[in-house]
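Following this line, the structures themselves.
Consider the two complexes below, in which chain A is the common component and chain B and chain C are the respective partners.
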Partner chain A sequence: MKLKQVIELLGLFPVHLADENVEVAAVYCGDLLSDVLAHIQKDSLWFSIQGHINVVAVAQLRDVACLVLVNGVAPDPQAVGRAQTQGVNICGSDETSAALCMKLAGKL
Partner chain B sequence: MTWFDLHIHSALSACAENIMSPRQILLRARAEGLTVLALTDHNASGHVPLARQLGRDNGILVIPGMEVASREEVHLLVYFAEMKALADFQELVDRNLPEEANSPEMFGEQLLYDDQDEIVGCDERLRQVGTGLGLEQIITTVHGLGGAAVPAHIYRRRYSLMSQLGFVDSTAAFDAVEIARPAWVKGDYRLGQRVEGFPALTGSDAHFLEDVGRLRMEIERPVDGIHDLLRCVHDLPQ
Partner chain C sequence: MAELRERQILLVHELMYQIKVREAMTTPVVCFSPATTFREIQLCMKEKKFSGTPITDNGKLVGIISIDDIISAFDHRRIDEPVGPYMVRDVITVPQNYSVIAASNIFEKFHFGRLPVVEAAQSCKVVGVLTNSDILSHLLMAVNSIAERFEHEESVSGNIARRPTDTLRFELVPDNFDLAGLASTAVKKHLQKCGVNPAILRRIAVICYEAEMNAIIHSLGGYMEVQLLTDRVRILVVDEGPGIPDVEKAMEPGFTTANEKIRALGFGAGMGLSNIKRCADQFSIRSSMESGTEVEAVVAINPEAGTAPASPGKPAENTAGRVP
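What follows is the complex of A and B.
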């Protein structure tokens, strides 16, 4: 499924969209970036509450399709700036990772 | 000469031994030959004024400090040149801690002592948790208050830069980085050695009285405060 369809399905709000036509192939939930680096798959939708600038580097290193900051968390301003220069997709949601995963179940 | 240990908990940290009064810590520090130390309680600094007073009586410089937990749950050691700055920082931390009571059964007690080793109070607030302050916000604030920020035990598997944030950004505004004592020994680090682009140091991270001053650091001249000390560490030959 393309990112723009996922955004519509889950009602995500865009924070920075570099390319909404990327294909979303997997999902990962994680807030400890050491764990995310170790386990996330390429082209994932990544649910996290981590708004620190390092999330952008991790998203880029692992070819993440889109970082989704859940629970209404706002990214640090530095993170948005880095996402803009690096072309990393970031969306937000007021819902929990679990609620979003259940909405996505079986649909990718 | 300066012998220092900049990472010591007192009984005010829930996870530290209850007998760690400022007086006992200072006595232990003197016996260990320390000339400079910092009490770095978790999101707390209530023992620092007394420790400074006892330090003056014992010829030990006590640097105002705290171990603050960021929103990302990264532990960061912060140090200040003046008590006023630490007090201002404490106010910010208190505004950004959850309004919840500590659970002594779960985390341990947060005890306040006087200069005669008598327990005079108990901090009821839950402090053994992350604050709502982002790491970058803390560093900017600390620098604005004239202080220094040193991420604690950066390679540890919990509550560290590496565990929470995946890697160490060498362009960040850290004044130094702390390597945990076991890793310091195992990795044969030297004081001031550049690690991830920052001067490295270690501290005892004492949670038990007997660990105060363990693996003390050494500088070959006296220092008059945190900035003087960190400048010396920065300037050590590589």
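What follows is the complex of A and C.
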């Protein structure tokens, strides 16, 4: 499924979209960066509550399809700036990772 | 070696003084009046891909609006109201004829994402916008053109020794979380251009990022060197201390000495070194309480040629996380 369809399905709030046509292949939930680095699959939707600048680097390094900040967490302005220069997609949602995963189940 | 490092740092410092703000800033700058609504600015930010903008009245700077303000306007349901009453009014600016070192000091002191650039000191006329990335990319361009000139001079003089390897080197500054990850990102982009297989590249990226963050969080500073050889990539991260008292314990997954603040950012899970080891084909770590820590990882870039044996339990690529 393309990212723009996922955004519509989950009602995500786009913070920065570098490419909304990227294919989303999997999902990962994690707030510990080393854990995410170790386990996230490429082209994943990444649910996290970490909105700081270093998260953007992890997303870029692991070819993440889109970082989704859950629970209403707002990104740091620097993180948005870095996402723009690095071409990383970021969206936000007021819902929890679990609620979003339930909505996505079986759809990808 | 220490002398070489000192020369490299001196060069960057010198360039920071030489490069003027007007050379590095983004221009033309998009400005809005105080009567513009948050939504109008947000739509323009989305279209033109920027995250903050000066607010001007008759050409004079009166405030600034960042993506943060837009987000809180969404929160407070005032997205269709004019920004005038809510904008930040005490705007710190930098004159265009200043060195970028002055702007860099302001960024460091106030943790701003961007600075409006004014025509001259005491002036309110905005001529551009400057971000930390603007400075960094201009600096990289300057270093690159010096390197090119140097190579050209050497080849003209006919005594150039063919470089046997392709080496990237980055200084790692302790506690500088704003620049953290940039070295790993640069390595990934470079190796991507060199045609390294994407799955192998992601393993190299994990190694670089974990090693880079370890040095930034725990060390007194150091450097990362990434060497692209014909059959492998060698990553060497050397720091100046304080050293790891018990390396065996540090290698245990889950062992961490990171403080509360670091852990709140999602670092310090105690998985860094084991992640590096898992992603590398060869791994070694040496640490002394006198001289610091040295981590070396080697990743074979064409494993089918059998040049570097892959250790068991490798493939970092997995399918975990797929929603059924």
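Convention: the second predicted complex is superposed on the first by the 108 of 108 C-alpha atoms of A that agree within 3 Å, B and C clash if a C-alpha of one lies under 4 Å from a C-alpha of the other, contacts with A are read in each partner's own complex, and residues count from 1 in each chain.
Throughout what follows, a contact is a pair of C-beta atoms (placed from the backbone, for glycine too) under 8 Å apart; a residue touches a chain by one contact, two chains touch by 3 or more.
Just so it is clear, the structure is predicted and the values come from calculations on it, not from any experiment.
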item: Clash or fit (per the criteria above) of chain B with chain C on chain A; value: clash
item: Chain B versus chain C as contact partner of A:Thr96, first or second or both or neither; value: neither
item: Partner chain(s) touched by A:Ala26 [first = chain B, second = chain C, both, neither]; value: second
item: First, second, both or neither for A:Gln86, with chain B first and chain C second; value: second
item: Which superposed partner A:Leu37 touches (first chain B, second chain C, both, neither); value: both
item: Dominant contact partner of chain A by residue count, chain C or chain B; value: C
item: Chain B versus chain C as contact partner of A:Lys107, first or second or both or neither; value: second
item: Which superposed partner A:Ile53 touches (first chain B, second chain C, both, neither); value: both
item: Which of chain B and chain C A:Gln5 touches, first, second, both or neither; value: neither
item: Chain B versus chain C as contact partner of A:Gln78, first or second or both or neither; value: both
item: Part of chain B, among the options 5-13, 77-85, 131-139 or 185-193, whose backbone runs into chain C after overlay; value: 185-193
item: Shared chain A surface residues [contacts with chain B and with chain C]; value: 32-34, 37, 50, 52-54, 57-58, 78
item: Chain C partner contacts - residues on chain A that touch it in the complex; value: 13-17, 25-28, 31-35, 37-42, 44, 48, 50, 52-58, 60-63, 74-75, 77-78, 80-82, 84-86, 101, 104-108
item: Chain C to chain A touching residues, read off their complex; value: 46, 49-52, 66-68, 71-72, 74, 111, 113-114, 131, 133, 177-178, 180-182, 184-185, 188, 198, 202, 205-206, 208-210, 213, 265-267, 269-272, 275, 278, 316-324
item: Complex contact set, residues of chain A against chain B; value: 32-34, 36-37, 50-54, 57-58, 76, 78
item: Of all residues in chain B, those that touch chain A in their complex; value: 71-72, 134-137, 162-167, 169
